[in-house]
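A, B, C, D, E and F are the chain letters, set down in written order, and residue numbers restart from 1 in every chain.
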Amino acid sequence: MDVVQNFREYRAKMNEIILAEDNLFFKRFYNLDSRTYEDGALSAQVKEMLGLVASLVLRCDDCVKYHIEKCHELKVDRKQFFEILSVANLVGGSIVIPHTRRAVEYWDLLDAKK
Amino acid sequence: MDVVQNFREYRAKMNEIILAEDNLFFKRFYNLDSRTYEDGALSAQVKEMLGLVASLVLRCDDCVKYHIEKCHELKVDRKQFFEILSVANLVGGSIVIPHTRRAVEYWDLLDAKK
Amino acid sequence: MDVVQNFREYRAKMNEIILAEDNLFFKRFYNLDSRTYEDGALSAQVKEMLGLVASLVLRCDDCVKYHIEKCHELKVDRKQFFEILSVANLVGGSIVIPHTRRAVEYWDLLDAKK
Amino acid sequence: MDVVQNFREYRAKMNEIILAEDNLFFKRFYNLDSRTYEDGALSAQVKEMLGLVASLVLRCDDCVKYHIEKCHELKVDRKQFFEILSVANLVGGSIVIPHTRRAVEYWDLLDAKK
Amino acid sequence: MDVVQNFREYRAKMNEIILAEDNLFFKRFYNLDSRTYEDGALSAQVKEMLGLVASLVLRCDDCVKYHIEKCHELKVDRKQFFEILSVANLVGGSIVIPHTRRAVEYWDLLDAKK
Amino acid sequence: MDVVQNFREYRAKMNEIILAEDNLFFKRFYNLDSRTYEDGALSAQVKEMLGLVASLVLRCDDCVKYHIEKCHELKVDRKQFFEILSVANLVGGSIVIPHTRRAVEYWDLLDAKK
């Protein structure tokens, strides 16, 4: 099973179902979600790092995966990635460790895909 | 695999083991848990909606599934369900999105079962 | 000191400063925030109850105060208010108790104002 | 102002109002709350330490104060108190530090009262 | 599949990768993590119970498993284990129930291994 | 009352008491805390932004104040500050709004001090 591909497909499929619903909130919220990470006073790269550390301390594995993909794409390197993980573990404590394990595993899966 | 059936059986089996234990706390807590959602000044339907939104913002997938089953049973409709999801995403932020995906998937599984 | 008045004024003053900022996110997010609680498939009253229980389990005192004001305004009665508090304490546990104390105190301040 | 006395009086006053309400949930929940910390397979002292560490990682200052009072009363000593704080900071991360400051201050206020 | 063995191996493998990284934070944080639970003014047994209840209320299943292993090893008995679960459910609320089910299941798997 | 000065003094006083305690954990944890934000693969400025967004979504007002001071000192400008706030509100939801109000107020107090 391709974990990365699987994650992307489930995400895409369910987002499509949610956006197909006649519900204005989700259309706006998803739109806000993608626009917030665009280049502005801060670069998209820094914003994705912010999104990643926030997702880590809130311990949302799927959000972590998503922002790892973005960081990876935007040329955050492995040393920088580990420093983001450090801040997350310091601020959020040892309960972040299991999410750190899964984050590192996912990063390595992306590296292996290149 | 029947995801709905699977969830119900695991839940029932483990609850039985916990209640079989000679521990007064769990007997009382489980009792309190079911009585709190009964009709009162607020209807059981409204209370299950409250239970659902609380479970969503606290991001407890199994609690979400349980309250979705109850809401579904008590005739909350799909449009109302999506408005509960909207409040949860607004209050709890984008980290609620992955739980929203799983919630919608579970709702659709229940619909398919009817 | 008028606690209710104080809360409202600080909230209004700071919201004004935030919205005066040239930042599109906050304009949209605040707009989304107020529209989500409007009448729809669920009534504004039920949605404010959802907002209240979500704020209680996430233990955000200022959010609790805000939704108490709205519930109070939309004719949620005291018995119903206590049932919302019950669901919040059940789902969120005894750490919700201190917030419950402050919530009841605020409700009573609003009652005294009428 | 006597911070300790103030905390106790507000707590007592509001609990009285909540329990005076005709709401069965709160009577049972408060009862469950006090009984859970009684001597059992674990001593009341150990249970209060568990209550303290749980309150610290969930960052509920009023709950922390309450359990500090109980730990203090049940002869937890200062070295042990700091080890509870250590576990809480390790597990919950640096966001527990501000609560640790207030916890130490409260402990010292109790010491000064003896 | 041996759930216990599986958990231990994944944990060990990923910790090794993280510590192999040239990152001083993780070396120090992991070191701090293990030393905090050593005998001191409080016994290692009490500290592992503190670690368990903290992990339960923060709802970190992998952390819960880890501290269950330690508690089991340090002769916490089943009645005591259920009292730790009681405090966690009281303080953290009904959202801790699904984690309690998985915790009891894991405890029983360890018992079966002996 | 000088809010900024007050915060700094309380923080310094209590940290001194905690570090004066004969407890190795806190000496190491505080040391780890300050070193994690030093220049490395990521600049101190980016790391303080990471610390700020993490503190915001975990809704720790004192941590927010501390990282605001550092960001301010390291020349994060007001437009960038508002983009950090945007990510925090998006990821953490409307419960972050009250903390955003206090964060903006604190930022303006620091500006006024210059």
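Basically, a contact is a pair of C-beta atoms (placed from the backbone, for glycine too) under 8 Å apart; a residue touches a chain by one contact, two chains touch by 3 or more.
In this text the structure is predicted, and so the values were computed from the model without any measurement.
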Labels of chains that are neighbours to chain B and to chain F: A, C, D, E
Chain pair, A-D or A-E, that carries the greater number of C-beta contacts: A-E
Label of the chain whose CA centroid is most distant from the centroid of chain E: C
Where chain C and chain D are represented by their mean Cα positions, the distance between them in whole Å: 27
Interchain centroid distance [CA atoms averaged], chain B/chain C, Å: 23
Contacts with 2+ other chains: residues of chain F: 25, 29, 32-33, 36, 55, 57-58, 63, 79, 82-83, 86, 89-92, 94-95
Chain-level touch network, classified as line, ring, star, complete or other: complete
Footprint of chain E on chain D - complex, ascending: 32-33, 36-37, 40-42, 46-47, 49-51, 53-58, 63, 77, 79-80, 82-84, 86-88, 90-92
Chain B residues within the chain E interface of the complex: 10-11, 14-15, 17-18, 21-23, 25-26, 29, 33, 55, 58, 60-63
Interface residues, chain C side, partner chain A - complex: 24-25, 28-29, 32, 35-36
Touch list for chain B against partner chain A, complex: 59, 78-79, 82-83, 85-86, 89-90, 94-95, 97-98, 100-102, 104-105, 108
Complex contact set, residues of chain A against chain D: 57, 89-96
